[in-house]
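Both complexes below contain subunit A, partnered by subunit B and then by subunit C.
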Partner chain A sequence: MSKKIGDVILDLQNISLRFGGVKALTDISFNVREHEIRAIIGPNGAGKSSMLNVINGVYHPQEGKIMFRGTERKKMEPHMAARQNIARTFQNIALFKGMTVLDNIMTGRITKMKANFIEHALWFGRAKKEELEHRKVVEEVIDFLEIQHIRKTPVNRLPYGLQKRVELARALAAEPTMLLLDEPMAGMNVEEKQDMCRFILDVNDQFGTTIVLIEHDMGVVMDISDRVVVLDYGKKIGDGVPDEVKNNEDVIKAYLGAGH
Partner chain B sequence: MLYREAGQFKTTYAADQQIFPIRQDRLGILVLLVIAFLGVPLLASEYWFSAILIPFLIFALAALGLNILTGYAGQLSLGSAAFMAVGAYAAYNFQLRVEGIPILVSFICAGLTAAGVGILFGLPSLRIKGFYLAVATLAAQFFIVWCLTKFPWLSNNSSSGVISTQKLIIFGHELKTPVEKYLLVLSIVVFLALAAKNMVRSATGRAWMAVRDMDVAASVIGIRLMPTKLLAFAVSSFYCGVAGALYAFCYLGSVEPDGFSLDMSFKILFMIIIGGVGSIMGSFLGAAFILLLPIFLDIALPFLAGLFGLPFASETVSHIQILVFGALIMFFLIVEPHGLARLWQIAKEKLRLWPFPH
Partner chain C sequence: MPKQANFASLDGLHTFPRLLFHHAKTRPNAPAMREKYLGIWQTWTWVDVAERVRALACGLAALGFKRGDNLAVIGDNRPHLYMMMTAAQCLGGVPVPLYQDAVANEMLFALQDAGIRFAIVEDQEQVDKMLEIKDQTGALEHLIYDDPRGMRHYNQPFLHDIHELMEMGRIHDRNHPDFLNAEIELGHFDDISVMLYTSGTTGKPKGVCQTHAAFIAAAQGGVQVDNLGADGDILSYLPMAWVGDHLFSYAQALVAGFTINCPESGETVMTDLREIGPTCYFAPPRVFESLLTSVMIRMEDAGQIKQKVFHHFMAVAKRCGADILDGKAVGFGDRFQYWLGNILIYAPLRNVLGMSRIRVAYTAGAAIGPELFRFYRSMGINLKQFYGQTETCAYVCIQPDGQIKFDSVGQPAPGVEIRIADNGEVLVKGPMLLKEYYKRPDATAESINADGYFMTGDAGFLDEDGHLKIIDRAKDVGKLSNGAMFAPNYIENKLKFFQFIKEVVCFGHQRDMVCAFVNIDVGAVGNWAERRGISYSGYADLAGKPEVLELIRECVEQINADLVNDSMVADSQIHRFLVLHKELDPDDDELTRTRKVRRNFVAEKYKVLIDALYSGKTSQFIETEVKFEDGRRGKVSADLKIAEAKTFPIVKKAA
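Showing the complex of A and B:
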């Protein structure tokens, strides 16, 4: 692969997160470089999703420092992460199920729209112009993910694989610099997985988007990611390029058990 | 094969994003407006205007307001009648206390006052959801009615808070006849309904629906929950407030705080349940249904009883009304939670395919 991996864009230093007495994450440090595909793996309950939630401001770690683009991040809310161009998808599909595919994806561009509700109500000023401009960008995303045929369909009528794709489309519509994907391939068949891998690689390649990815399918992870971090019981047990991680003793132990 | 978009090719996004994308819909709305503005005033009798059409439009407006809040933004409210009361009393007070204020301006101010009160009572929505929020808005219902009775200043010291509205003068012309009042109400309702349609098809509406469908995902996308919810409360209360002002000025002429009871709030809620939660047209269908059903029963029941030679007391009609309402609401909640508007949509989808089965 001949892509250019840039400087560190996100640096997590000694992150600890507790829920009451339960330690979800303990003293975890790793970084993400610009334009890379960074995978987070680990057995169930290892704290992978919590890690993503820390990155985009849903959870607030009790200890540790998060540096994003060189500045330390203070307490933040999820909508602020969106304004810093961090987008994400969810493990359980989190689409707006009463809306059409098109409306869902249009919602992804909401931080870029400036018109207020009075302009919308009277359909004057920036309202109409913005709707058209953003529709154009959204249509590009729709083309990119090959979902033209379903753009007017309510999302709750779509099969699972397509819903996952629409969720990716909604995240991409925000033109994120960093994209967090929480198990994008869970529950998919081989073909759907191949499609999804292709889309992830294409996004990374064409738009230079930095991708942080949680995935259980080891074949996929080892194939598409540049670096992998491994968590187990909220602790980091491995970090490096896929080949390194594959041969790491601790990682093998965590996945296969001690007595293999 | 009459109703379908086949052959209507959209070559621009503007064409695809217009308010009614299908030509038949545009024609339908146009015909409806022509009938409402020109046909009805020529044909309908005075009774129809003052007893059916004007209250229908006013309640449709209030239902529309509630539908914005409940149907689109997903925040349940039981205080619609109270917000109407705020609108009615605010309009009265603006007319009374501000020298030479045009009536339309005082209607707008009434809406804004209601919007302010709505935001205040919407604050609990930031912490609580669903059923509990409904109980919090119930507080608005009782508190506002109590306030209007308790502080005589609000009703210009009249006994038990009854107010008689001022004359309706627009551009130096006094509106006296029901037809004139009907046209005023109709114009306001059409304008506000189109504004609502525009809001729900643009970013404002998408933010509301996103909060309704999944608030965590909405905030991750960058929607700020607090302003979005409070805006829904404000806009919804504005609509209810204007409806309240029209209710006082164009329908009854004199109102008292107890008129805006919890019963009325429930009635408006039933309108959107039966008409269709999350549908602009559903608000109109629901209002028509709820208002026309009692009139229909009034005529039909004694007739039916006469047919079978049964003795029939007049209070039986109101008892049966309650039974029928209860049964219908249960029916809609179970069978078609999206109401009449959804039935209409299904009919349209069938029409698109007709005469083929699929």
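Showing the complex of A and C:
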């Protein structure tokens, strides 16, 4: 691969997260480098989504340090993550079902909008000019993900695979430098998975976006990731390039399911 | 020669590049091309197009493209691809458009046959295909692409972005300012302007070489008969490799000077059609069929009152709509009803279909069901059939306004002579005939007889008004074992008019009865099944439902009842049939790229099923290999039930 992987931009050090007495994550450390595709894998309940929520600022770990671009991150809210150019998609699609694809993707631009509520409501001042600019970015995303044909279709009329793609589009509309994908291919058929893989690779390649993804499909993970971290029962049991992880004894035992 | 007489009136505008630069000079700011990009229709005026064509032509020359070279053109309808065709013609080269959805290996034959050194392709997908077979083609030297997406890591020196080519061309043009004009001057109307590969229903594809003169004559004729003006709009969405698209989007657009509009992508055609509202629309029958099917499906989901109003006015339209369009006498009551229906139903429906501004709509490529044809005409859409082949620039017969017969393809077009051979084959002669098949003098000699007539291979006859009626492919017309005529296409077309039926293949030549394979239309049948609460998991499952078999049986029996009334085909009633478990598909070689059934191939591939049909079995197991779009292979299998259809006794009419 000709792409350049940069320095560490996100460093998670000794993260522990508890919900009451339940330990979701225990003493987990790993990092994410700029421009790489980093996968988090593990069996059900391993703590993958919790991990993503920690990065995203939804959960706040009781112990550990999060370094983002060299500075320690204090307790923060998810919208702060958005302002730091971190965008995400969800395991269960979280789109506005009754709105059109176009409108849904426009909401991805929300953090970039400067006009105030009154201007938007009355359609004067900065609102109009701004909307045209945002629409242009959104149209580029639509073109990129090849969803022109559903531009004006309400989201709830779309098949699952396309809804997932719309969600990715909304995340991309925010022009993120880091993209968190929570099981982007869950519930897709082979063809949809292939399309999604291609889009993830294209995003990474064309925009240099750093991607952290959770995925169940091992084939997909091994094919597209640069490095993989493996969780089991809230603990890290493996970390490295796909080939290393594939041959790691603990990983094979816990996840790939040999010898049970 | 009559050929030259046609061109005296053209003031030397007898090649396509000359036509283009003439438009750029006389009406520089009129729109020539539009393309929807990032959600907005972008317009190129004639002068923009001419400038780009100039740059592209010079760029090609700078790369070493020479007079007589062939340029492969592969991709969806894109303005730059059309421009590249003219650019190649400027230099005396020949554009060779190929079907863009073919897999690499299918393209290989044409690329080798045409000795392609230069290719313009749309995007990364097509570039990958070319790279896959580049070494096998032997000759391919330069590959130009239109869409740079995903091409960042391709650094082969023979790959060129089209904008890079234009830049090269502009530099070349500055250094040799007289070069291109001199090249265009060298162009002659008897030069080959384009090479179109025949879809190859039989044997290897052949490159049909058409001259500028032929396509300009064909375009002029069509423009004349249907009064196509420079203010028109056409939606260019059919494969560029198809003769119909070349005639309408290229030849006629340059002759008449109207605007071509390229849709955003294959999936947005319907939306784009509505937004553009073309004045001239061209589609094969299956497109009109699927449009109608989708309207009918949506109507079935409408409320009671809406349905009643719809069906009432549809009946009115059926009664008098076509006559009103033809300007025939219609009573006052019907006229009033039709006027009301136009306000309530027809005009809104035309609008939904994107046909509000239509002056003329054409269909060709296959026979259209009379019911379907009548439906559109009764709605006030001037739908016409025309008839022609790749070898005749798709220009043999046109239906003139006011003389539309549902079962004929019209009168010979201006400049065309038609003769019927003794065996019923249609023979044609005129300025639009092919010059030759590329490097195939044997095939050329075989297809043009001693008197200069091209043998179409279609069986037909001229009726008392001089309208041509096509029955079937001459070679497909067979005989049942009792000697009665068997015209499979005729029966299949009747069946295909049912919205539930997508494709039919009939068998009967030298057999004692007619049997058929049926492909369901998964949209219509799926909707039908849903409303009846029949659950299904996929195509094969739906096709195998006993209820579906029953549904198709009803269709078949209706056709049988219809066939028995026509003494010519009464013996061709369908006795037994089955519903196929998979859709016939060009990727599996069952259909041609223009979606015509490859009868012999299908018969060969599904031989066990045919044997089962004729041996009286009630079911048959079959396993078939399928090719997916990405080239992978898989298998589908099913246990197909064979159904009997009721047939009707033939009543011999007294002579």
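Heads up, the rule we're going with is that the second predicted complex is superposed on the first by the 255 of 260 C-alpha atoms of A that agree within 3 Å, B and C clash if a C-alpha of one lies under 4 Å from a C-alpha of the other, contacts with A are read in each partner's own complex, and residues count from 1 in each chain.
The rule we apply is simple: contacts are C-beta pairs under 8 Å (C-beta built on N, C-alpha and C of every residue); 3 or more make two chains touch, one makes a residue touch a chain.
Every value quoted in this text rests on a predicted model; they were computed, and no experiment measured them.
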**Message:** Output check: A:Lys129 vs subunit B and subunit C. Expected answer is one of first, second, both, neither. What do you get?
**Reply:** neither
**First, second, both or neither for A:Asp202, with subunit B first and subunit C second** = second
**Request:** For A:His149, decide between first (touching subunit B), second (touching subunit C), both and neither.
**Result:** second
**Message:** Per the contact definition in the header, classify A:His60: touching subunit B only (first), subunit C only (second), both, or neither.
**Reply:** neither
**Request:** Using the superposition described at the top, determine whether subunit B or subunit C touches more residues of subunit A.
**Result:** B
**Request:** Classify the contacts of A:Arg157 with the two partner chains as first (subunit B alone), second (subunit C alone), both, or neither.
**Result:** neither
**Message:** One more residue to check, A:Glu139. First (subunit B), second (subunit C), both or neither?
**Reply:** both
**Asked** Hey, what residues of subunit A end up touching subunit B and subunit C alike?
**Response** 135-136, 139
**subunit A to subunit C touching residues, read off their complex** = 2, 135-136, 139-140, 142-144, 146, 148-149, 151-152, 194, 202, 205-206
**Asked** Can you list the subunit C residues touching subunit A in their complex?
**Response** 37-40, 149-150, 152-153, 264-265, 267-268, 271, 630
**Request:** Over in the complex, which subunit A residues touch subunit B? Could you list them?
**Result:** 56, 58, 77-79, 81-83, 87-88, 90, 94-99, 103, 106-108, 110-111, 113, 115-117, 120-123, 127-128, 130-132, 135-136, 139, 170, 174
**Message:** Which residues of subunit B touch subunit A once you look at their complex with the stated criterion?
**Reply:** 13-14, 16-17, 19, 195-196, 198-199, 202-207, 209-210, 212-214, 216-225, 231, 235, 278
